[in-house]
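For reference, the structures are reproduced in the following blocks.
In the two complexes below, subunit A is the common chain; its partner is subunit B in one and subunit C in the other.
Take a look at the complex of A and B:
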């Protein structure tokens, strides 16, 4: 009689032995490359806007907005998911990844209506980032106040 | 019809799978089995405006294809057994509704082809009906949206992850007639060895597959070599390796006999699917497209089809539950 429960303790080992592992080092290098390119692009935009006569603060703001727009366009034209496939966290962590998570949700859920679909699910991926980002900034702010 | 052993039914008057029809999406049509599918669609939306409606259209077209090929009218069909992966199996509901056939909606996750074939065979073998339809479907985009992330989200897939098949397969099961016969079925139990990684479904389902296969062999007194092939639904590349290891520990050598629809449907290197195909439509389209034709041509004489399912939902996963697996075995013979 087949009794699969007898394998319960050793099963995870059997699974690990047959499951291919992600190439952590190669993936990290790709993430560094893609994330680095996006950030360098952002810095380049800041210099460009300053060269055009804007202040540093204005240039930073405009650089961020430009990156978000670029990510939105790339997401809409089915390009950004391929950048993410190659670059992993390097494409997800910068502000372009944040924009991608919102635009991809908007594209997917628009068919369910503007309120229950797009409105309700726009932040389905980005929501936790905002919540915990805000909490983290409060904690850091308190520490900064006392140090 | 008679019960044999612990959980197997052997049919005295075996139901006949007298017709089969398969439809797939563009990626499946570009795979190694492309020439075997009855119909393929270049547009994953099938002219609809949502993925969900596209899957319903896929089902409707597949059933219509089956009816046309077999020369039957919807009024000739007594019951239809169908299911899919969408919440509340709405793809099947909308896909089946226009035919006005009494409908059993099933949810067996990716094992639904096995579940529907088992129930259809029981209806025929038990004398409750003469002509029924069984089948299932899945759609890559609808499944990604429901179980994972929006399609354009820039996430990375793990190497153990599988690619949900956009495809559908339906069969006509009849009392008498020509075609491969369902000689026995072994409905499976839920088997859970504690896997909770939703990116490694093959590992979650492999124990259920082996439990059902070994039970079928013990109940019927058969050996693996009595079959030309034992074919699981969607264990994928690493799931098959795990299954062979588990079977070996139980004293069964399945090497060379065990194959998997998820392994067969895509070229993992060229099509970048990682651990192979998955989804209800995987075993459905590979059986109705490829295996059924091999049986008809006599290239395969007896197979054990074992569609496998992972019975989880996104909610159960988030709440920390493990992934229970299930597998149903259908022994099909061409005489």
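Take a look at the complex of A and C:
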């Protein structure tokens, strides 16, 4: 057993020696770029809808909906996967990543049917997000009431 | 020119929020779902203590497009509704403020998944 552990240690040392040192740095740059571009796109949509005469609140809402729709279309055509592979968290953290997670998990389980497959798996990642979001909003609201 | 500045701010702030996520992903090895929930709750908490609103005013979509902006919308909705109609607002405000996004995500998500197949299996 002790031998096994030693092997594991040595293996880890070899892996560390050969894996690129600046991986975190490079990944962060990519995440910055992709995340920044998606947010800039969102900003552009807000301006576009305001230019078309909608109010700021309506424009923000419609901009979010547009990003969700665009991300889902990209997911359906298997394009968002590639953005995700390149951008990492830059593609995951924006609302487009949330939309992507819904479609990609749902289509994986399409074989299980339209109710238990699509209907349920749509929420395998979105579910926790909505659950904790709803709980957080209620907690914040109650605290705000008493403060 | 002023508009270009707004785009720059959205780009930099949105990008930086994603960098924080990337570092958590690489260094702490959190999974995708955990990262999303963490950012969502962080957004809601920062909104509650009054720190996220200034960021939204500064960076616009750079602060609202990341999932922390979803937490911001939920918390702000709950706070605004409590201010307007009392304690029941805590139960209605959050979902009310984010209803459009959630509805769009469910409807478009279902349709998109219905008409598509994962790459490996097609």
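We adopt the following convention: the second predicted complex is superposed on the first by the 112 of 147 C-alpha atoms of A that agree within 3 Å, B and C clash if a C-alpha of one lies under 4 Å from a C-alpha of the other, contacts with A are read in each partner's own complex, and residues count from 1 in each chain.
Note that in this section contacts are C-beta pairs under 8 Å (C-beta built on N, C-alpha and C of every residue); 3 or more make two chains touch, one makes a residue touch a chain.
In this text the structure is predicted, and so the values were computed from the model without any measurement.
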item	value
Subunit B versus subunit C as contact partner of A:78, first or second or both or neither	both
Touched partner set for A:33, first subunit B, second subunit C, both or neither	second
First, second, both or neither for A:144, with subunit B first and subunit C second	second
Partner chain(s) touched by A:14 [first = subunit B, second = subunit C, both, neither]	first
Per-residue contact with subunit A, leading partner among subunit C and subunit B	C
Subunit B versus subunit C as contact partner of A:104, first or second or both or neither	both
Touching both subunit C and subunit B, counted on subunit A across the two superposed complexes	27, 75-76, 78, 81, 88, 92, 97, 101, 103-104, 107-108, 125
Residues of subunit B touching subunit A in the complex	6, 49-50, 145, 149-160, 191, 193-195, 200, 203, 207-208, 210-211, 214-215, 218, 238, 241-242, 245-246, 249-250, 275
Complex contact set, residues of subunit A against subunit B	1-2, 4-5, 7-8, 11-12, 14-15, 17-22, 27, 75-76, 78, 80-81, 83-85, 88, 91-92, 97, 100-101, 103-105, 107-109, 111, 124-125
In the complex with subunit A, residue positions of subunit C that touch it	3, 6-7, 10-19, 21-27, 32-33, 35-37, 39-41, 44-45, 47-48, 59-62, 64-71, 74-75, 77-79, 81-83, 86-87, 89-91, 93-95, 98, 100-102, 104-106, 108-110, 112-119
Parts of subunit A lying in touch with subunit C, wherever the complex brings them together	23-24, 27-28, 30-40, 42-47, 60-61, 63-65, 67-69, 72-73, 75-78, 81, 87-90, 92-99, 101-104, 106-108, 110, 114, 118-119, 122, 125-126, 128-130, 132-134, 136-138, 140-145
